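Read through the structures below before going on.
Next, two complexes with subunit A in common: one pairs it with subunit B, the other with subunit C.
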Partner chain A sequence: MSERKDAVIIGGGPAGLAAAVALDNLGIHDIVILERESQLGGILRQCIHDGFGLQRFGESLSGPEYAERFISEVRRRGIEYHTDATVISLTEDRKVEAVTPSGLLGYSAKAVVLAMGCRERSRGSIMIPGERPSGVFTAGSAQAYMNLYNRMPGREAVILGSGDIGLIMARRLTLEGIRVKAVFEIQDHPNGLDRNIVQCLDDYGIPLYLRHTVTDIHGGSRLEGVTVSEVDERCVPIKGTEKLYPCDTLILSVGLRPDNGLLKDAGIAIDPRTDGAIVDEHLMTSIPGVFSSGNVLHVHDLADFVSLESEHLAASVAAYLSGGLGSGMDVSVRCGSGVGHTVPQKVVSDDGFTLSLRVRSVMRDAVISVSQGGRRIVEKKMRKANPAEMIMIDIPGGSVCPDGDLEVVAG
Partner chain B sequence: MLHFFDAAVIGGGVVGSAIARELSRYELSIAVLEENPDVVCEASGRNSAVVHGGFAYDRGSLKARFCVEGNRMMDELSTQLGFRFIRCGKVLVGNTDEDLRQLERTMAQGFDNGATGLELIDGKRLHELVPAVNGSFAMLSSSSGIMDPFLFTINLAENAAENGARYFLSHKVISIARKDGRYLIHTAEDDFSVRWLFNAAGKGAKDISDMLGITGYRVIGSKGNYLVLDKRLGPLLPMPVYPVPSNTYMGIHVTPTVDGNVTVGPDAINTDDFGYYGVPADRMEYLRESASTLWPHIDRKDVIRTFSGILAKWVDDKGVIQDFRIEVRDDIAPGAVNLIGIESPGLTAAVPMARYAISLLRDRFDLEERKDFDPVHATAKRFAEMTSEEKAAAIAGDSRYGSLVCSCEEVTEAEVIRAIHNPLGVHTMTGIKYRTRAMMGGCQAGFCQMKIEQLLEKELGIAPEDVRYLRDSSWVLAGKMREG
Partner chain C sequence: MKRTLTCIICPNGCSLEVEKEGEEITVKGNLCRRGAEYAREELTAPKRTISSSMRLIGGDMEIVSVRLDRPVPKEMIFPVMDAIKSASAEAPVHIGDVLLHDVLSTGADVIATRNAERKEGR
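And now, the complex of A and B:
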């Protein structure tokens, strides 16, 4: 009893919404969005700060406002969507099953769009030593408690990690009267955007300590304090530098990873560097007809770029449905020195595409070059390249040939 | 308030709850006094979750006897109580001649102890059983297995409660007095007057023993740290892999869980602080390195959590670890069954140990068996384990089955709400976790904890600042940000 659809979009956040609207624009109307929360919008719903939409709309919007631009388009066009619908299975032949309060939904899709977003790395995943009291929150969980549920996570906080959500939360906690003692970052550079360092820490006098990390957590019941240590160049804590910070709340902003559980179940090939699917330049995964974009593919810095990538994905899906997707090549994209990861990881046509990448370390006067068999295809010069920012390079159509890997180098 | 009961069980962990359940076969009023707000806060919920074969204990010991009995009983207990138990077997792997000799000694001891399903296997067979394991040969114990230690303990407790035992959670015993042939047990909350009592307080058993006047026991803590690995790894490990053991320490092993995770540990560090469960950084690294010599798939990237447990071991003057001690001292504390040094294999041995403890009372007093004792604890099938047809039917019957609270572990609102209204009256966040597996998945509660917190507030009618995590003082939230 599965319903046939041209495209099933899993996730109703910025990626899924943008893909749905763009598909509709391209004349693909037989589509459905499946969203596990009670409302569309994804994590944008809890991001009540502004700064969204500068790239996409040329104005600064809050997260809910940014989402609403897309949600109203979805509604206006009558695109089918289900909220409270959690996908529990995706198969290789593109059958999708979702759980909803009114029963199971089953689809047999010509194309599937994976747009489930990302999740936060937890305390366990970075192996912070110490006891396990209450009061240790990921930044996104604390943000949800505050902005979606009107709940105060604590009274006196320390923040580990200078990712954007951590910086945003430093300001948010402060505005609600929670004392933020400091933000600690294990790297020698902040992980968030410069503008967030200025607007969320500097403006409120919250100190940021680089090359520091939490090395012990104290409290058998509720958090009582954390020990913080300086670290050396290899990020190893330096003995003798320990300092105790009494606090009842520890906010972790220590990285995001694609929420890839469904990919694993479906047997989709995963890139260990991104933890998202391995895709070609059409954003198609190892399963034909299954596409992926947004933070479940690779973690983005800005929601605007998630939307752009998803609109590109929609064009690929439309071409796929009409049998017009370019193919014929099998070229791997290799991460050379200085490059952490790329999307796509392979190229199957000479259609031209946007290459997204992250550099491994902060670089001044950086040159990022894409070459094939010693032949330079594109070179991008940047005054500063920062791992916190996603770098995008246009690869023109006709520039990739079938022989040899593409090599991406940053230095 | 003063309560009168026939019997009190001090400690509601796996041994206390097994005693309460087995004692509820008799015409008795029973109180279980547990210092924590749940029954799996200490060693019962902090272990390898392995059902042992009974070969690694001294001949003639209670440890060997109850372990072998408990192992045999486990299928029936699993069916009656509805917790998962998989008799997957386990291997103890070796490489040297000395390893081989030790395994042969272990096996001979196992035969004498009555353990079954033991055999020495060569490298080829070993690698058929567990691909990628590092070892030249092994002892296979095919009767060993893995279980859900949380639901084993919880369902024993709930079955006891269904049969009339009353649980008093967050009731820490402060003193015990003997008066007019009864014991007066004083807790911070209530007082209890009982004719008989069982000291099943685990890490607190020495203190209770002292309160009873049975003094002189030396009990040390042996702390074991663990890593928990992502479910990605479960399919790569069909059974627990151990190094060659001694009779007092099993060694760091890798163990699949019934849910498909893998645990790595425990080390064994002596401690006298039974309240400190912190896992130090150097221990994490040590566990990873040590277990990697057995099994090569342990990567930092796959660690989702760490935890520790503390075994309360009874030792002699020289520090040598002793057997379980289960006694009634008629001269000092008549009618009180005292259990000391209950450590590994306490999980496997809990029910036969409980029956033995009760038999000591029956030897001395007439206990009348009930006719209406029901050994079966009814459990609902987990949504995650249902077929599509069963899921559809469950949702049609109760739409809250169609609301997923925890996506990682596929736990529904209906299951969380049932867990909130558990028969023991456990109202902590971790109480929901241990009963449903919500928050145990890869995201480690990142997405679902808010929903669970909200359901606790709503279902119990409590304020946000009154929601607790694991312990009575582990508040989760400071309150509402704004009224309304």
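And now, the complex of A and C:
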């Protein structure tokens, strides 16, 4: 049994919610949101710090408030949604199946929106050796313990990785009376936004050590300490630099990856650089009618940009449903020197779009240029380009032609 | 006196060149007006906002998330945290509800940032 829908949205976080409201605005009302958790809102529910919405609403909101702006729109418009609904399969012909406490839900969708967000990399992903005591948390799970369940993860913490969630958690732990001894970052630059270094570490006198990593974990049933070493240019620990930091809590903020399990099952082409789907400028994946936005497509720094991207996705879905989506070209977007990845990875029409990218290293007075066959399309000058910050460049409609790759270079 | 500050008002995180000569403060490198205001305040009387959680009675969860509706002097961060920790709210609570008015005479209100409905039997 499968119910027909114009669009099935997988995920009720910032991406899915913004896509749903925007689709409704565009006259696409026959839609449903499937959310795995018991409430809508996704990761925003546990992000109680402020700073959300500055771009989008011109005011500084906490995560739950930002989410509520969209959730109340979903409710007011009567957009159908199911919570506690975990999608277990997605097929090439856009059949979606979800398990819920009251049984299976099956849909046959004209369009599918992949908005499942991302997951944190864990101790296993970075292979820290040592014993296996309790007290080792990803930053997001420590955040959930504290902000949703009112449980403190420990008393004395060390943080590995300088991603934004780790920095935010350094401040959160400190405010709750937990001593944060230091933040260690294996790379030579912080991974989070500059403002978070200032307001989460500097404000509380928490030191940040670059080119350092945790090389051993000690403790029987509970963590008793970590060994930290300096690393060389190739990120290899330097012998003789080991130092022991006694602590009962290790917080890992070592990166996020798209939650792409469903994509793999459905046979959607994945970009190894982002771990998200390969999409065109309409955010359509390798399966026609299946679109993707937000952190399952590529990890963003700001929820505001996830909302924007998802609204662009909604416009594409609406055009697709009415048969008016641009096509006719097959241009690849190539990452030239200095560029880590781009979204989209290909261009199929001369519709304008926003090119998102990350640079590979910190650059001062950087120039990002987009060209095709030696013809420069856009150039963006920046005082500072930082891998921790996603860069967006508007590519005007009519500027891409059918011949030759688009090349994106940063330097 | 010359200093470089990172503006924390928005994610742009402008790098601000701040120069203080007597009472005169000049700011360069800011993309907007708020950056100059931030730099002046940071040199004279730095302020911050706080987000945390307050104990919730009779609600769907043990706590409700809260924040200040405006920044307070930096030295008030921990006293305000203590005030939030020793208070409690009773469900139902809605976004924007003032849970502590003019906390510690700072002029800032502690407001709820989540809707928490009443749940019987808790």
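In this text, the second predicted complex is superposed on the first by the 411 of 411 C-alpha atoms of A that agree within 3 Å, B and C clash if a C-alpha of one lies under 4 Å from a C-alpha of the other, contacts with A are read in each partner's own complex, and residues count from 1 in each chain.
Following the convention adopted for this analysis, a contact is a pair of C-beta atoms (placed from the backbone, for glycine too) under 8 Å apart; a residue touches a chain by one contact, two chains touch by 3 or more.
Model, not experiment: these values are computed from the prediction.
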{"item": "Touching partner for A:382 - first (subunit B), second (subunit C), both, neither", "value": "neither"}
{"item": "Which of subunit B and subunit C A:119 touches, first, second, both or neither", "value": "first"}
{"item": "Which of subunit B and subunit C A:215 touches, first, second, both or neither", "value": "first"}
{"item": "Touching partner for A:26 - first (subunit B), second (subunit C), both, neither", "value": "neither"}
{"item": "First (subunit B), second (subunit C), both or neither touched by A:319", "value": "neither"}
{"item": "Which superposed partner A:261 touches (first subunit B, second subunit C, both, neither)", "value": "first"}
{"item": "Which superposed partner A:362 touches (first subunit B, second subunit C, both, neither)", "value": "neither"}
{"item": "Subunit B versus subunit C as contact partner of A:97, first or second or both or neither", "value": "first"}
{"item": "Partner chain in contact with A:401 - subunit B first, subunit C second, else both or neither", "value": "neither"}
{"item": "Shared subunit A surface residues [contacts with subunit B and with subunit C]", "value": "146, 148-150, 176"}
{"item": "Sites on subunit B touched by subunit A in the complex", "value": "228, 232, 275-281, 283-284, 300-301, 303-307, 388, 391-392, 395-396, 399-400, 402-404, 407-408, 410, 412, 429, 441-447, 449-450, 453-454, 464, 468-482"}
{"item": "Complex interface listing, subunit A residues touching subunit C", "value": "45, 48-51, 54-55, 60-62, 64-65, 68, 146-150, 175-176, 193-195, 197-199, 203, 301-302, 383-384"}
{"item": "Subunit C - residues contacting subunit A, complex", "value": "5-11, 13, 15, 48-53, 61-63, 65-67, 74, 77-78, 81, 95, 113-115"}
{"item": "Contacting residues of subunit A [partner subunit B, same complex]", "value": "36, 84, 86, 88, 97, 99-104, 119-120, 122-125, 127, 129-135, 138, 140-141, 144-146, 148-155, 176, 215-218, 220-222, 237, 248, 259, 261, 264"}
